[in-house]
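Should a chain be cited, it is by its letter among A, B, C and D, assigned in written order, with residues numbered from 1 in that chain.
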C-alpha cells in the first residue's frame, strides 16, 4: 500500500496517481461550473453526488497516507511520526481539502465559502510534477528578494498615488478624492494593466503620469526579472552540483558502469536533460585527461 | 533534383527556396485580404487563379520532396523510408497546406474554414530559417517548465476569479454572475491586458484586485522569463559544445588548417558568431600557453 | 547607545530597530488614511497626537545617531566627522523626515505638501534590509545603462508621437492636436498601459500604431531586462569574489576552522545562501583533488 | 581641429561636444513645441531664428568633420577617404539633419514633413554615449533572433486574428468585419496594450481570447527577453575578452606597471567597472600562481 500511494514507479501506483489527478481536475471544474446558476439548477444532484464521491476518495487517500507514512524513515515512529507527517505542507493541503465538509456537518458554514475552499484541492497536484517542483524551489530561493522588490513597488505606487492625488484632486474630485482612491490609479497604471477607468486629465497630471510610468515600468518588472534570473541561477547551481559529482567520480580514474548509472540518475534528479549531462561529463573528462605533453607525449595530469 | 529542394547551397537551389518563401508570404497576404469584402468582390477571379497556381506549385513541391527524400540516408528505403519521411512534422505541414483543396473536391467543406487552413502554409517557412530553428529548440527544451508555469498561471487566475466572484457578485451581478465570467476579468487583468470592460467597483473588490495584480504580475511574467533564460542557457550550452570541440582539436597539438575549417563550420552550425568563435578558440589556447610540462620541463604550446 | 542604534546584533538593539520599523510603517499608513476626508474628520486629534509622538521619536533618533556616529571610525572626528555623517544619504533622509515640522513652525507651509513629504519617511526603512541593499546595488551598477535605455525609450516615444500626430491630426484634431498631446498616446501605448482614452481611428493610423507597438515592445522592456540581467551579473560577481576567498584559503593547504568561519561570514555578507557557499567550496576543493605535484609526485590535496 | 571634433579627451573638445549635445536636445524640444498652435503663433520668429542658427552650426559641423576625417587612418585618402567617411552611418545622420533645409530651397517640400525629419537630429547623439554604444551592439548582435521572434509574433497575431474573425464576425460585424480589422484586436491584445476599444462579446470569442492571451503572452515577451539575455551575453563576452588579455599578460610572469595601465584602459573600453576588472585580474592571478605544492612547497605552475 505504501508503494501504491507514495512510490510512483510501480505500474499500479502510477494508475492510482493518474486517477487522483483526474479527480482533482474534475473537482476544480465542478466548482467553476457549479457557480453558473443555469448549470447548478439543472445538475445540482449530480454535483452533490460527485462531491460526496470526492469526499470519500480524498478522505480515504488522507487516512491511507497517514497510515503508510511510517514506512518513510523520516516519520518512522507510529504516533509522533504520524503527527510530524500530518504537519507537512502537503498533508495539510490534503486535510484542508476535506475539512470543510466535516466542519459543515458540525457547525453552519456559508455554502459559498465552503465551495470556494474546495478550489484549494488544486494544490494537491503539487505532489505530482517535477518541473513544478523546480519552479517552487526558485520561488522559495528568491522569496526574500522578490518580497523586497514587491515592497519597493508598493512604495513607488504609494508615492505616485500621493503625487497624482495632489495634482488631480481639484480637477477630478471623484476619482482622486483621497490617497487610497488614487492608489487604484497608480497600481493599475504601474502594473501596466491600464483599465482606463481612471485617467489623469490635467496637463500637469498627464506629464506626471508619463514620467512615473516610463520610469516605473523598470522597477515594476523587477519581480518577474528576478524570478527568471533566479531560474537561470538555479539551473547553473544544479549544473555545478552535477559537475562536482562527475569530478569526484573522475578523481579515481576512469568511470565505471556503476558510476555512470549513478551520474545518470543524479542528472535526472537535478532536472538536467540527458544530452546536457553527457556534454558536461565529456567536457569535464577532456579538461582532465585529454592533454598530452607534445614533447614527451606523457599525460600531463 | 535532391540538390535543388533539400540542399540550399547550390545557386539554383537557393533561388528555388527564395521563390517558395515569396509564394508562401503571398499566400498569407492573399488569405488576409480575401477576407475584406470589397477586395474579394473586385479581385475574386485573381484570388482563384492565384490559389490554383499555389496548389499546383505546392503539390509539385510535396511530390518532389517525397520523391527525393530517399537520397537522405535516414529515409533510404524506397517505400518505408518515404512513409517515415511523410510522417515528419515538416512533411505533414506540406500535406496540410494542400489537403483542404483536394478534400474540398470530394466532400463539401465550409469555405471560410478552408481559407483559414490555408494560413497554416506559413509554417512551411520554418524549414528556411536558422535563428527560427534556435527559437524552436529553446521552446522545445523549456516546454515542460513553461507548461508548468502556464498551469500555475491558470490556477492563480481561477483563484483570483473565485475571490472576485464572491466579492463583486452582489454589486455587479452582470459582470461577475459566475466564476467562468469572473475568469474573464481575472485573465484580462493578470496578463496585464486590462481592457477595462469589467472592473471591480466595490472597495473590497478594488483592494483584492490590487493585491492580486501586484502579487500576480511576477508569476504571470514567468513563462517569458523562463523562455529568455532558456535562450541564454541554450547559447551557453552551444558555447560549451564548441569549447569541447576546440579542446579535442588542441589535445593533439597545434590546430591544422583542416581542423580550423571544421571548427568554423561547427561554430556556424551552432549559431555562434565568427567573432565569438575566434574569441573562445584563443581563450582556450591561451589557457594552456605558458604551462610547462612537468616531465620534460618544456613549454606545452 | 551606539550598540543600540547602529549594531543590530544586540538583543535590545534588535527590539529598538523593530519598533522604529513599525513606527515608520504606521506613519505611512497614517499619511494615506489622513487624506480620506471622513477619517480625517473623525480622528484628526489622534492623527495630530501620533504625528507629535513620531516627531519626538524621529528627532530623538536623529540626534542620537548624530551623537554616536563618532564611534564609527569613518566619522571619528567630533565635529567634522559628524558633519560628514550628516551628509550621508541615510542621515539626510532622517533629516528630511523631520525637517518640514520644524520649518512649518518658522514659515507658513502648504499642509498638503507637508503631509506628502512625511511619506519620504518610508526611505528610512532602507537601513534595515539586506536584500533591499542588493537591489539598490544592482540599480546603482546598471544606472548608466538603464538611463541609456530609458533615453532610447523616450526617443522612440517622441518619434512614434510625431508620426501619429502627422497621421491622425486631421481625423482627431482634439486628441492629436500637437506633438505633446500625441506623446500621451505614444507613452501610454508603448509602455503597454493602454488606457484606451486615445486610440487611432484611421486605417493608416492603426497600421502605424500596430507596427510601432509590435516593434517597440522589445525596446520598452529593455530597462527591466537590463536590471534583471544586472541582478544575475551581480550574483555571479559575488560568487566569483567568494571563490577567490576560497582559493586564497586553500592555497596554504587544508582549511582551518577559523578560515571556515571567516568564509561563512563572507558568504552571508555577499548574500549567498549557506547551501550555495558550501557547494562552491566543495567544487573548488575538488577541482584540485586528484592532482599530483609534478615535482614530488605526491597528491596535492 | 581634428582634436576638437573627433577626440573628446581635450578640454576644448569636451566643451564643444557638450554644446553640440545641448543644441541637439534644444532642436528636439523646438520641434515638439512648434507643433503646439498657440506656441507656434507666439514664438514663430524665434523658432525660425533658432532653426537658421542650428542649420549654420550643423552645416559647419558636417563640413568640419568631412574636412578633418582624413586624419583618421581609415579615411586617409583626400578624396576617396572622404567619400568613404561620408557613407558611414553617423555621417549620413549628420547629412540628413541638414539636407531638408537645402532641398527645401530647391524644391517645394511639405513643411510638416520637413519639421518631422528634423527630429532625426536626435540620432546625432549616438556619437556621444558609451553605454548607448553597448546597447546598440546588443541590438545588432541579436538582430537576427529578435527579427525571428518578431516574425513568430506576427504569425501568432495573424492566426489569432483569423480565429477571432471566424468566431466574432456575426456578433460584431463592425469590429471584426475582415481579418485586417481583426488584426487590430489581436495585436492590441497580444502586446498586452489592451485599449478596450474592441473586445470579444460572445462566449466562444471570450474563451478563445483567453486561451490566445494566456498562451501568447510568453511568445510576445520573447524579443525583450532575448535582448536582455543578449545584454547579459555581451557582458560575459567582454569579460572573457578581458580575461584573455589578463592571461596573455600573465603568461610572461608578473604584470608590469605598463601592462597594468593597458589592462585598465582595456577594461574601460569594454565597459567593465574598475572594481570588476580588479576582481577578474586577482581571480586569474590566483588561479595561476597562488598554488604551492603542500609537500615540496614549490609552485606548481
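Going forward, contacts are C-beta pairs under 8 Å (C-beta built on N, C-alpha and C of every residue); 3 or more make two chains touch, one makes a residue touch a chain.
Computed from a predicted model, the values in this text were never measured in an experiment.
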- Item | Cα superposition angle of subunit C on its copy subunit D, in degrees to the nearest 5 | 90
- Do subunit A and subunit C face each other with the same patch, meaning over half of the contact numbers show up on both, or with different patches? different
- So the chain most remote from subunit B by C-alpha centre is C
- Message: Per the definition at the top, count C-beta pairs in contact and tell me whether B-C or B-D has more.
- Response: B-D
- Message: I'd like the Å distance between the centres of subunit B and subunit D, where a centre is the mean of that chain's Cα atoms.
- Response: 26
- Hey, how far is the Cα centre of subunit B from the one of subunit C, in Å? 37
- Note on the structure: Listed in rising order, subunit A residues that touch 2 or more other chains are 183, 192-196, 220-221, 224-226, 228-229, 232
- In the complex of these two chains, what residues of subunit A are touching subunit C? 141, 144-145, 147-149, 151-152, 155, 158-159, 162-163, 165-166, 177-180, 183, 189, 192-196, 199, 206, 210, 213-215, 217-222, 224-226, 228-229, 232-233, 237, 240-241, 243-244, 247-248, 250-252, 288, 301
- Query: Which positions of subunit D touch subunit C when the two form their complex?
  - Reply: 28, 31-33, 35-37, 112-113, 116, 119, 122, 129, 131-132, 134-135, 146, 150, 153-154, 157, 183-184, 187-188, 191-197, 220-221, 223-229, 231-232, 235, 273, 276, 279-280, 282-283, 286-287, 290-296, 298, 300
- Query: Within the complex, which stretch of subunit A touches subunit D?
  - Reply: 192-196, 225, 228
